[in-house]
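One structure, as structure tokens, below. Some questions next.
Order of writing sets the labels: A, B, C, D, E, F, G and H. Residues in every chain begin at 1.
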Amino acid sequence: MRIGKNEKLVMIGDSITDCERARPVGEGLFNAIGRGYVGVVDALLTSTYPELGIRVVNIGTSGNTVRDLEARWQTDVLDLKPDWLSIMIGTNDVWRQFDSPTMRESHVLLEEYEEKLEALVASTLPRLKGLVLMTPFFIEPNPNDRMRAQMDLYGAAVKRIAAKYDTLFIDTQEAFNRVLEHLYSGTLAWDRVHPNQAGHAVLARAFLQSVGYEYAKGL
Amino acid sequence: MRIGKNEKLVMIGDSITDCERARPVGEGLFNAIGRGYVGVVDALLTSTYPELGIRVVNIGTSGNTVRDLEARWQTDVLDLKPDWLSIMIGTNDVWRQFDSPTMRESHVLLEEYEEKLEALVASTLPRLKGLVLMTPFFIEPNPNDRMRAQMDLYGAAVKRIAAKYDTLFIDTQEAFNRVLEHLYSGTLAWDRVHPNQAGHAVLARAFLQSVGYEYAKGL
Amino acid sequence: MRIGKNEKLVMIGDSITDCERARPVGEGLFNAIGRGYVGVVDALLTSTYPELGIRVVNIGTSGNTVRDLEARWQTDVLDLKPDWLSIMIGTNDVWRQFDSPTMRESHVLLEEYEEKLEALVASTLPRLKGLVLMTPFFIEPNPNDRMRAQMDLYGAAVKRIAAKYDTLFIDTQEAFNRVLEHLYSGTLAWDRVHPNQAGHAVLARAFLQSVGYEYAKGL
Amino acid sequence: MRIGKNEKLVMIGDSITDCERARPVGEGLFNAIGRGYVGVVDALLTSTYPELGIRVVNIGTSGNTVRDLEARWQTDVLDLKPDWLSIMIGTNDVWRQFDSPTMRESHVLLEEYEEKLEALVASTLPRLKGLVLMTPFFIEPNPNDRMRAQMDLYGAAVKRIAAKYDTLFIDTQEAFNRVLEHLYSGTLAWDRVHPNQAGHAVLARAFLQSVGYEYAKGL
Amino acid sequence: MRIGKNEKLVMIGDSITDCERARPVGEGLFNAIGRGYVGVVDALLTSTYPELGIRVVNIGTSGNTVRDLEARWQTDVLDLKPDWLSIMIGTNDVWRQFDSPTMRESHVLLEEYEEKLEALVASTLPRLKGLVLMTPFFIEPNPNDRMRAQMDLYGAAVKRIAAKYDTLFIDTQEAFNRVLEHLYSGTLAWDRVHPNQAGHAVLARAFLQSVGYEYAKGL
Amino acid sequence: MRIGKNEKLVMIGDSITDCERARPVGEGLFNAIGRGYVGVVDALLTSTYPELGIRVVNIGTSGNTVRDLEARWQTDVLDLKPDWLSIMIGTNDVWRQFDSPTMRESHVLLEEYEEKLEALVASTLPRLKGLVLMTPFFIEPNPNDRMRAQMDLYGAAVKRIAAKYDTLFIDTQEAFNRVLEHLYSGTLAWDRVHPNQAGHAVLARAFLQSVGYEYAKGL
Amino acid sequence: MRIGKNEKLVMIGDSITDCERARPVGEGLFNAIGRGYVGVVDALLTSTYPELGIRVVNIGTSGNTVRDLEARWQTDVLDLKPDWLSIMIGTNDVWRQFDSPTMRESHVLLEEYEEKLEALVASTLPRLKGLVLMTPFFIEPNPNDRMRAQMDLYGAAVKRIAAKYDTLFIDTQEAFNRVLEHLYSGTLAWDRVHPNQAGHAVLARAFLQSVGYEYAKGL
Amino acid sequence: MRIGKNEKLVMIGDSITDCERARPVGEGLFNAIGRGYVGVVDALLTSTYPELGIRVVNIGTSGNTVRDLEARWQTDVLDLKPDWLSIMIGTNDVWRQFDSPTMRESHVLLEEYEEKLEALVASTLPRLKGLVLMTPFFIEPNPNDRMRAQMDLYGAAVKRIAAKYDTLFIDTQEAFNRVLEHLYSGTLAWDRVHPNQAGHAVLARAFLQSVGYEYAKGL
């Protein structure tokens, strides 16, 4: 298990991360952590490693692109002084190109995406004990689907950054692809973007695997 | 993994099972499965074993005692034709003795509890591929606490029945006790009865362990 | 224009037809007709042919399959004594196979679908001045997508029935396909099933074309 | 079709234009465009000319008079940089004179109306590829009705401005009059001001006709 | 003053009478009498003739036609054992012909209207100390307006019945006409049917005048 | 009739005047005038003298004492430029002494009351065509009741001011007393302060009488 | 202390007793007991005599008269098998005579009141360990007030019945009178009927005194 | 009775004090005092000593720790100019250590607690006629429970301060302990922190005892 005693894990992203988290910071009582993969991660860490006292913070915000992360990075990441950080962004950067094609100012194209994301990683990494970069995903098995293909390009950018800076890396698209061999996309997400509980479990399992979570501990 | 392809798992209980499930039957789209341990079980089974097509049904009802289970057993268990069944009941049977001491008709005493639960088990077991009996629990580490001590007696009754009929058995109190060595009860449940997400993860992990779930599968 | 003076057009279907129509019958004041293609059809007929006094009735019901149509056919079609009738059904017959794969009793397979739909058509046609059969559709351009491929089979069944009974026929999938050459599915429907106003305009234009509507009349 | 590829059409007006549009700008997902004639125009343009990628923006505001348009012209028209612009204003300028006769400061008399509207047209026209001026209307067939007669004077002012600046022009009153030959006003609007869907179809058809929309394209 | 000590006045009609009255019977505490002309009548009678103890009951129901009055006459009039009765009905009988022209079964034509109203009057009059027949009205000064003209025919029917049975009679259209010489219809009613407080005062004054109310009494 | 053509009447007071009026100023459409005596006055003036075009404005505010009137006098009276003004204040000045005896800073004692009210009258009278001073009241017939006795002292102060400045004057207590000879206080007001519709009719009749309203005009 | 170990006290009455109690029976968790004097009695008994396990049940119902008690006596008193019973009824029997003078069928006159109350007492007393009869009250110090005087007559009837059957008796009017020597009625009850918390404390103290409650016990 | 005529008692604390009090200050009409022990204290003082006119003010705020009291001390205590003051704080100071163990910045440790509380007491005492210090409590009879043990340490700190400054002192834990000998904690508080009405009665009785309240006065 890579996350240590009393360490703080901040998880940032868009609506898939947000999932009804509390404001201004999603942590603590009354499901403030939200009901998505962050909540599952927190619940499994707490119940499996109660002795570690890991603090999980959900700072995802619905609708966010990497532009929005950049704008709130100081208050929502740096000021929270994380030991560990996870970033999963890009869905809206891509989606707006496909659901709002005429609103071009809302599209975050690949170059801008990679540049901004890399800048955030580069400047923050020195302050962290661990960084987990998660690709965005589209719950669609056809790699030739136009939006899936575009999302894959953004995922590849995340992979490049992870490799360059030697961070932990999760290919969430790949994680979903394994499930999509058996289930139709509609079983996991109404709109192929916002997962139901089973879809969030896919994300949570991939994340926990990346940080060395031992499921059977204590059972 | 003990639950087989296309098999149906029905999970019955009280509010801890219910957790906002849909009516009349908690399964399918829109979080109908509820937000408690049943939802976690379903999410982990679906994401880990998408090829099995296991059908999980939440039929818990808030406030129920074993008397209530008996009253709705035909429609809510037998008519659903489960392959697998889990039962976790007893919290309210005990709790009313402690939060409503003067309302004695609401108390289900140990003898009645064990008799009724055994009758349900005995009559239903022949129709099942698997039965999981879960003890009720009280998220309180002090075994001399009056309500905890009483709950332990009910848990012992469940254990006796499980042994007599050779069913799968989960000592949920023991599962919580391991966590309570490190965390205060209030971190898991406001009222020591209704767990937060971390508490439901304790239950889900114990259940999955009992049916042979392999966490690392596919990772 | 095929629909004549003072004639009554009843349009039946599922949620795509329903679109917030009033109960028990969707017609008359206060947007009772609903906000989907039926509303557009009614609005364009009324504004273009005010002298005809055509009465449009929306009797769509969310979630319906052909089984549900059969169950309410007497009260919701025959009792309304339509001169003209349109039927667009099948989305849920197919969708449940993909979003709820374990709930098999909710799946209406092709054979049952075609048989039930044909029975409704055969028994009702003699009472009508005109019948418009509309295929179900899936707003997905990839014909190899599993759900799209299945939906195409149901559409083909509608086409067979229309040919056998010589009714008016609309291939709604084809109508959407023409638009999908230029727009991504997400621009028309969040979930590829429920169209936005642009998607409903696709349906309304196809319907109006089939009944001989003259757009430029009076302009 | 006069509106070209990737061009932007901004439509401004009062509650008849507004129709529940989103704030601050009515465009994009979730019916942000509103449910009135602007929504119908957008839906028909998008479904008929998907290859053009025309962007329609609804910036109508309930209760507005020409005074209000003047006050928000910079942010709500100029800053949006439209290629095409439509203006339909005047209903409230007139209505307040009739429903609130004692509140004289709320009345925008004809001279002020024409002067302010002309100033907006004159200053904005050079920046546009196309401008559509629409008269206000009152859904009342009797030209001697006091409010209808007054509204006709405001419509005539719009016509004068359109002629002077050689813009596209729509006589919406005339469009409604053709329908009112066959239907009573109450069939189109509860209060003779706010049209139902059929009334909005009258406006949408008139607008689309003015910009060269071809209904049968692609059918 | 014609209404005597401790007598009971029941006022029946449609939404203009109803005006948010309480169910099942509109009388007594908490504005149960409703906020329309019945409320004004009751308030002025009570404050001017406190010594008479007149009991006013509002039994109007929104949307009613004379058909609906007939259907509820036993429970809503006869069972209440009124000494005095007022009837104002006909608005919806006429309105449906104009706002819902295609829904012909909702139209109550003149012959049926007069026949049903007369039957109610004839059978009830012997049990009453006084009966006040009020015409329906349309707040539109133009007698050639199609709906106004139709409403006038229904008013004439009321007048014929009042004359034949020698009841008190109020020409509410005439009462509104006097005000409409000075005010536009929109000042009194958004839709020319449902009066604001000033419009209800027109009705209340006409009613009170008919029963010999002395305004200056006690001042 | 003392109020002239196109004149504006502003009526200020506390909750008895307010009665759900709109903000910031109670006048115009949608019952903005409120549902109390101001609404009755406006409705009777408008329906009886439609040719006068009298503008009635309700600027009462719940909970106000004379202190509050003083604080908002500039914006809520002077800025509205009334021709006529009515003032009815004092209920809360007295009531707080009886329902909140320990909260002494909320009590406006007689001396302060009279001084403040007189100052407002003195400074405003020169700008008015007419001023109506209305006493506060307590709907209790027993003059020895402690709160009634106190209210009578405040009413006497209003009378002194009216006499000194020769304004119109209404003894509202006297108006209620005449009704209370026949009705128990509870028939008019649940709490002896806030009248029901009958109680507001008492106030409206007294006001209208004071300004020369002719009830029978036009009947 | 007269109420013994494990005994059950049922308290019946009208809205003063009801005070937001739960349905169908007001006892147990979540303030089911209501927020009035019954709640105070229960709270003080439980906190002072925790060893007695007295069960208090609130079965008051808003708006009730003695007629209503009679109608629900079997289910709401006898079926609950009380050891102790308290009855406080009469407020609405009297109040309706004063706030709804014309609705004479709602008035329960003194003779009927006394007869019905006595019948309930006579038939129930043999089944009880203790019965507490509480007079109705009116929070008005003037004995000549018409409603107070009438209420006193009803209180005298309660006293007669208590004397005849030798039950415990509480003169609640007298208890309030002692407080009203120092406080105005409005400090205790907005409408002189429904007490605030201080008024309910008056009732609770009087009740507890009658059953021998020892305040200082355990302090 | 130690609190004198017309004196003002301010009671500050956390959610146990707050209990739905009104903002900004909890006193006066409409249950502004809240529904907890402060309300009971006020109700019993007012009903037992109506001649004293004691003014009770609830200024508790949910979630507060001693840090929050310090921050609002000027406006919420000093500016209110109390004669008497009660302070009950510490629950949240302790609770956060147990329900949110990872959020260490929310924990108010013992040293800080005692220092801050003493500073408030020391600086305020000279301005008061009386000060009542109440310990925080945890409704748990087991002194070895981790949170109870910690709460006891905070209670001991309050006791030290009370002794040092010679103030009135209430050991609320002791008051609850006496009840817990007979009742399980769950009968008084769902979460062992927020008492039900019986629990608030424990607090109110202890408080009243400390200020010399005579229960039997006037009975």
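Note that in this section a residue touches a chain if its C-beta (ideal position, glycine included) is under 8 Å from a C-beta of that chain, and two chains touch if they have at least 3 such contacts.
None of the values given here were measured: they were computed from a predicted structure.
A.B. asks: When the contact pairs of E-G are compared by residue number, which of A-C, C-D or C-E has over half in common?
C.D. replies: Of the listed options, the interface copy of E-G is C-E.
A.B. asks: How far is the middle of chain B from the middle of chain D, if each middle is the mean of its Cα atoms, in Å?
C.D. replies: Centre separation, chain B to chain D: 62 Å.
A.B. asks: Centre to centre, by mean C-alpha position, how many angstrom separate chain A and chain H?
C.D. replies: That pair's centroid distance is 45 Å.
A.B. asks: Can you give the whole-Å distance between the Cα centres of chain D and chain H?
C.D. replies: Distance between chain centres: 64 Å.
A.B. asks: In chain B, which residues are in touch with two or more of the other chains?
C.D. replies: 29, 99-101, 183, 187, 190
A.B. asks: What are the touching chain pairs in this one?
C.D. replies: A-B, A-C, A-D, A-H, B-C, B-G, B-H, C-D, C-E, D-E, D-F, E-F, E-G, F-G, F-H, G-H
A.B. asks: Quick one: in the complex, what on chain F touches chain G?
C.D. replies: Per the stated touch rule, the residues are 95, 98-101, 142, 144-147, 183-184, 186-187, 190-191.
A.B. asks: Can you check the complex and tell me which residues of chain F touch chain H?
C.D. replies: 99-103
A.B. asks: How about chain E: which of its residues touch chain G in the complex?
C.D. replies: That would be residues 6, 8, 27-29, 53-55 of chain E.
A.B. asks: Considering only the defined contacts, which chain F positions touch chain E in the complex?
C.D. replies: 29, 31, 33, 35, 39-40, 42-44, 46-48, 50-51, 53, 178-179, 181-183, 187, 190, 196-202, 205-206, 209, 215-216, 218-219
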